[in-house]
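Next come two complexes, and both contain subunit A; in the first it sits with subunit B, in the second with subunit C.
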Partner chain A sequence: MGRQNGKKIWSIMALGAMMAILLLPVATSLNALASGGGEAPPAPAVKAEGDKKDEAKVEKGRDVYYKTEGIVAGAPAPKTTDGTKDYPRYNFESRVLLWFANQQHLYYGSFVLAVPIFCMIIEFMGVVTKDKAMAKKYDQLAYDFIKISLTAYSLTAILGGILIFTFLTLYPAFFGYLSSIFRPVMHIYALMFVAESGTLYIYYYGWDKMKEGLLKWIHLSMSVILNVIGTVLMMLANSWIGFMMSPAGVDEQGRFLGNIWHVIHTALWNPLNVHRILGNMAFGGGVVAAYAAYRFLSAKTDEERAHYDWMGYIAMALAVAFLIPLPFAGYWLMREVYAYRQQMGITLMGGLLAWLFIIQATMIGILFLSTNYYLWQALGRMRGAEKYQRYIKYLVFVLVVGFLVFITPHTMVMTPAELKAMGGQQHPVLGNYGVMSAKNGGINVIITTTVLSFVWYMRGNKEPMVPWKKFGNIFMGTFFGLAYVNIIWLAIYGYYIPANVRVGLSVPQVATTLSCLFFMTALNGVMLKGAKQMGPIEWGKISARSQYAIIMLATAFTWMMGLMGYIRSSVRLFWHVNEIMRDNSPWAYTHTVGFAANMISFNVLFFWVSILFVFWLGTLGAKKAPVEAKAHAPGRVPEPAHGH
Partner chain B sequence: MKAIMSAAAVVGVIASLLLLGMIFGVVKADTVHLVEGYMPMQMIFELAIFVAGFTGLSYMLNSMGMAIPRFWQGIGFVAFILFYLKSRVYPPIPFSVRAMYGTVTMVAVFMWMSSNEEDWKKFRQPILNVMDAATPKLKLIRTLFLIAIPVALWGFSYQSFVPQGAGADVDEPIELRTVHPAPPASTKVHGKTFVLQTSQNPYRVNPEGKYDQEYSNKLIVEQAMGRLMQANANPWDEKAEGYLKNVREGGEIFFQNCHFCHGDNLNGRGLHAFAFNPIPANFTDPGTIAQLQETFIFWRVSKGGLGLPREGFPWASVMPPWEQHLTTDEIWKVVLFEYWHTGYYPRTWD
Partner chain C sequence: MIVTNPLFWFALLAIGVVLLFVGKKMDLLNNTAYAAVVSVVIVVAYFHIVDHYLMEMQGLDYWYLFRQ
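Presenting the complex of A and B:
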């Protein structure tokens, strides 16, 4: 026993030392960050001004965003011209090449940042659950997840390299300027990447060695560290795009003013951080769920089908858990965009890019429709859930009405003849669905209905046995009913009040939806304690349609991510860095909607083809697994992918 | 349950007959008319009534042993929605929106029909039967489909290429028009720079002469049917002072200059409106001035179509740059009048 404890202590110390070594470079570099990143080197394009460096050091400038004064510590943003010096090029549109490299890196980056968060949650569920068989299943699932992400991790790094080379070779002036401002941040980013890789490898390869007792908790703690590092990495990368959209910490000429925190903490940084974390999680869940769906559809045995049905369900549940708050985070981001620059907000939502937002609304609707459809299909694998199935048609109606309101464009696509027949740009009936008040109502109705579907799913094969079940049911029914009334009423009321008050109405609407989500699911959980089981959940006995719904969900996530990234980037119009550094390349125009849609589709297709390859690699090491599992636990559902 | 379903069935039958009657002229076309101001909710409400009615009808027919097959229920519902959108809603809905609604309806019907295995089997059975063609009758139907589908596709393609309309003129192509241009950070009018984010209408003032939006908001016309003036808030009252007097002056400028195009009801249907394509902006629509800051309107009026930003070009706007004809004060007063008359509040960011 004493020997065991000694071993544990040594393991902890060794792990601690490893973590310390990994994080040491980051800690030392923070000094540089605290001192403002030191002196910025002159950008390559402005080397001619190098002799004025000393003079510039004492010069003061005014922060374009924070309005504070600071000592000029960097060169002005280069004024580029259309030529091979600032924009070296192949006989092809450089912007499209960069778009492709960036998007692929982002897809993989999101995936590998999201999956460890899932692993952390699932591993934790495995540790705390009392049912030993379930604990093992959860642990195996978490391991399967991290294994998938490991190959994707290498690809992320490769794609990151490709992205940097693309920047350096095709946009040297711009990248030179950006790296002159973010020099210390970029170094810390690289060091964090080392720390992330090291932690990930220890976490993955130490899985078997640290599977019990205290060591398991340490293993679990490592997943927390892994995710903290991953999140900081993402936030640092977000600071670059935040700076490009809403620069701060520089003067009007783009000269760095010595405060690196101002450069990082721009107007849109935090909304972007929150939106991206949630988005990554939803996306990652979607991809893993699609993997499970693919394995389910290609499964040869009932055991495999059962396992992948369950895996898909867990991944889907996690994806949806993060999908639900995503529109609200997006709403906050847009609000901050409007507050930062009105013209940017209008370009996005009412102007040049507004058509893309209609496509986005459609994609969001598809996500929720697919989710609901999956939950309804999942009722099919529970005996006793038939009683709910006949009411699904009413949920379809409510959901679809909310969806139609949500996707109705304010300005419709029409021929001039139709325009004349309609007598104006706006339709007097449907035009009302095109403004924010109605759309807020629409999306909240959709989300509340999704919550209702989930409550039904939870109840599928159970009959509450609590003495107050009648009261509970009436209370829940009334609560949902009043929630719908409140949401719809506020949507109508929004037309009769000033815009600033109307914007505020989204708060009670969201509060209503979230009350349904948290309060009703919690109450439902309490009501179902000690509930009578009407029948078992027959994992694997779910329709193939449900799996196609999952694949659709994942594809819609991918497509939407590509779309929103494009919109966010395009809103700068002809600026590399908004109002600071102008894009003078021949590609400083906004693409047509059709071209953008094709490009996004190509990126989505490429990602899915490449991730299928990653999935296939994941199956290579697991070929013998079911046999081993059967040998160890006869009669139990074997878990595939026992490669470790 | 049966009583509720019977009542729903009766409602369904009456609603369907009424709809058909109105469309085919058996009863007056506006027997149940879409009420201005309530139309969006009325449409959803009507659809909900139909859904409830059809459910009741289906239930009753089922209990009488005359159940409508699932397949035909689904097809029938899609057909009904397309028919409703085409014939009930006026003015006509553009094809692109009907196509969108129709597609979503088909998805909805699929979700409904495939929500459980039993229904799904019933729904797809007729399709499978036709494809299997086990009987001569089904074989005939399958053959007809094989001929009809390519012919229909050919017909649609042909139709889409044939020049439409009088004199066989080819229709202008569809234009994805950007309605709200992105405004600049500031605009210069008559030598003075106005920052759009922070400038205020100097005539939106309370009796003390201070900018006060809450005060002016209380005096605008009531935003309901008929758009009634508030009691004791008549700008054309000779004694009207301050804000209301400014509204009156703005109104005079509007009727001297703007109403020819934007209409005396500010709905974009003035005398000359239909000479333009697109017709002028409709200020009574909740998506135009109600969504925008007062300074945005000030910028648009001052600079007109010529001053629209580069992105989103071409704009298809013949709005003159009114700074060439009106003073800054006159432009602010016109803007004030437009908000007063439509009953909308300008957007603010606080």
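Presenting the complex of A and C:
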């Protein structure tokens, strides 16, 4: 008893210490922030000389975004020249090297930020569930998740180091300017990273010691702290790219005006934060699901297959939960880009980079097709789900039509001869369809169909027993049917009204899709309370094809992340910092679509080869604890494959 | 046109909800035709309200074409 109390006291002290570590960067930076980004306050002796002299010396500038006046507190952005002084180089394109280092760091960074959030959710589910066996399984699953991310965490730190060295050695002038603006932010970032590492290691290694009672709650609250730190880290890093795209807090010469919050809180910071956190979650879920798929495919026993099938399902469900709102966050980001600089929006979606958005649309379509395919395959492991199989062909039809509309280009890439033969850049028929009005309809139809597939999956092996089940089923069918009608109607209606009215139609379209998501899953949940089980879910009895669909989903997501990162970065064109610091290196041009696609593919390939190495490392520990080869009982809840 | 007035759709939604409660009281909800009619009334009204107000929130007129 005394020993237990001692453990509790130590745990509370450890938690307090972690909180202190968390707050330390904020406390140490308060002075710096108060004085405007680390600039030393004026000496009292100078003040004594009289206000008039001071005013004469103080130079003021006007914020390029906030339009407020501020005292100039930094040097102007350097005007670089093409030479080894500003752009030292190997006999190779420096931008490509930086691209590679940056992308790999981002992949791993996204992964290690997302996985602890999953751990937190799953561990919480384990703590609150009343079924002790299930609680233990959730706990094991959360542990499996964090174990994968631990090796990846080291790689993230190594890649971060490589990235900084690449910046320092190949782009010293630009990095010097950026770090002069973000000096206090970069210090906070580094200290937060220390806090994150400390919390993560205590969280991981303290798992067994803190598995019951109050200690478990303390352990769980550590995951909350871990994720708060991780999210703040991501938001700080986002402030740098936000500043590069839509600078604020500086004057037109790029001189810092003393307000660090203005520099952080740029026009695109919040949309970037929301878009990135959702993207990271979907990506992280996809990678963990791919890990589970890999373990499922290489499993030797039914127990292992059942466990990894279940793990893959949970990871996939989490990934899809964040994938569904992702396009809407993307729309918000694009809307803010247009609001910030219309030309930037046109370059992205109607000009130089428009074809990359067609590729993006294709990738989004692949993501949703893979998700639906997995859900349909997953129906196969439930008794009673056969009743939905015959309707799948209709869903395929709707998805394919939505997908084709979504990927239709407005203009074609053609040779001059082809252009002449067609009579213009727009195809006489297809040219009418490659517009946002139709595309919004296409993607919303795809997402609504995914929601419908998920609703079917939820009721796969269940028969509602509520007295109003007939009305419930008819209402759900009507709601989905009329949601499709409303989405398609709004898409068609957009052709008949002016552009300034049409642009608003995307909002009710999105609301229609989200209504299906929230209301129909909620209604389905209510209808399934006390439902009759037609048969158990036979974990592990899923086709191998479904696992390849998961791997496809994860790979497509990795590719799309690379693509979107490239698009977002390319939109600055020949600017390091948009309209403030010009890129005068020999590589200040936009790559061809083909080159960019090859580069993205190389990055994806490298990431997956390296993450496979991480997965393999994860299996080394597991092999020490042999799995008992028990006969598989169909439909049982999966046992953890190994202990920890 | 009466359909361009959101009150019309609110009234329709209210009728749908009343029919739902009447149907529940009179054990009509498991009648296919009755359930279909009530569902259509509620859902059509709901989506029109969504379309109208989400456009209005943006300072836009959902009924632009119908007012021409």
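List of remarks:
The criterion applied here is as follows: the second predicted complex is superposed on the first by the 577 of 644 C-alpha atoms of A that agree within 3 Å, B and C clash if a C-alpha of one lies under 4 Å from a C-alpha of the other, contacts with A are read in each partner's own complex, and residues count from 1 in each chain.
In the analysis below, a residue touches a chain if its C-beta (ideal position, glycine included) is under 8 Å from a C-beta of that chain, and two chains touch if they have at least 3 such contacts.
This one's a predicted model, so the numbers in the text were calculated from it and none came from an experiment.
Upon superposition of the two complexes on subunit A, no clash is found between subunit B and subunit C, which fit side by side. Between subunit B and subunit C, it is B that contacts the larger number of residues in subunit A.
In the superposition on chain A, contact is made by A:L505 with subunit C only, not with subunit B. Once the two complexes are laid over each other on the shared chain, residue contacts for A:F174 go to neither subunit B nor subunit C.
Rounded to the nearest 10, the angle at the Cα centre of subunit A between subunit B and subunit C in the chain-A superposition is 60°.
Residue contacts after overlaying the shared chain place A:F471 against subunit C, while subunit B stays out of touching range.
Of the two partner chains, subunit B is the only one that A:G423 touches; subunit C does not reach it. Of the two partner chains placed around the shared chain by superposition, neither subunit B nor subunit C is touched by A:Y108. By the document's definition of touching, both partners, subunit B and subunit C, reach A:I497. With both structures placed on the common chain, the touch criterion links A:V593 to subunit B but leaves subunit C unconnected.
For the three-chain overlay built from the shared chain A, the minimum Cα spacing from subunit B to subunit C equals 7 Å.
Shared interface residues of subunit A, touching subunit B in one complex and subunit C in the other, are 496-498, 500. Across the complex, subunit A meets subunit B through its residues 338-339, 341-344, 346-347, 350-352, 354-355, 369, 372-373, 376-377, 379-380, 386, 389, 392-394, 396-397, 399-401, 403-405, 407-438, 492, 495-500, 543, 545, 573, 590, 593. Every residue of subunit C that touches subunit A in the complex is listed here, in rising order: 23-24, 29-30, 32, 35-36, 38-40, 42-44, 46-47, 50-51, 54-55, 57-58, 60-62, 64-65.
Looking at the complex, you find that subunit A touches subunit C at residues 467-468, 470-471, 474-475, 477-479, 482-483, 486, 490, 493, 496-498, 500-501, 504-505, 507-508, 511-512, 515. Note for the complex: subunit B touches subunit A at residues 34, 36, 39-41, 43-44, 47-48, 51, 55, 89, 91-97, 100-101, 104-105, 107-108, 111-112, 114-117, 120, 164-165, 171-185, 196-197, 213, 217, 223, 267-269, 274, 277-279, 281-282, 285-288, 290-291, 293, 296, 311-312, 345-350.
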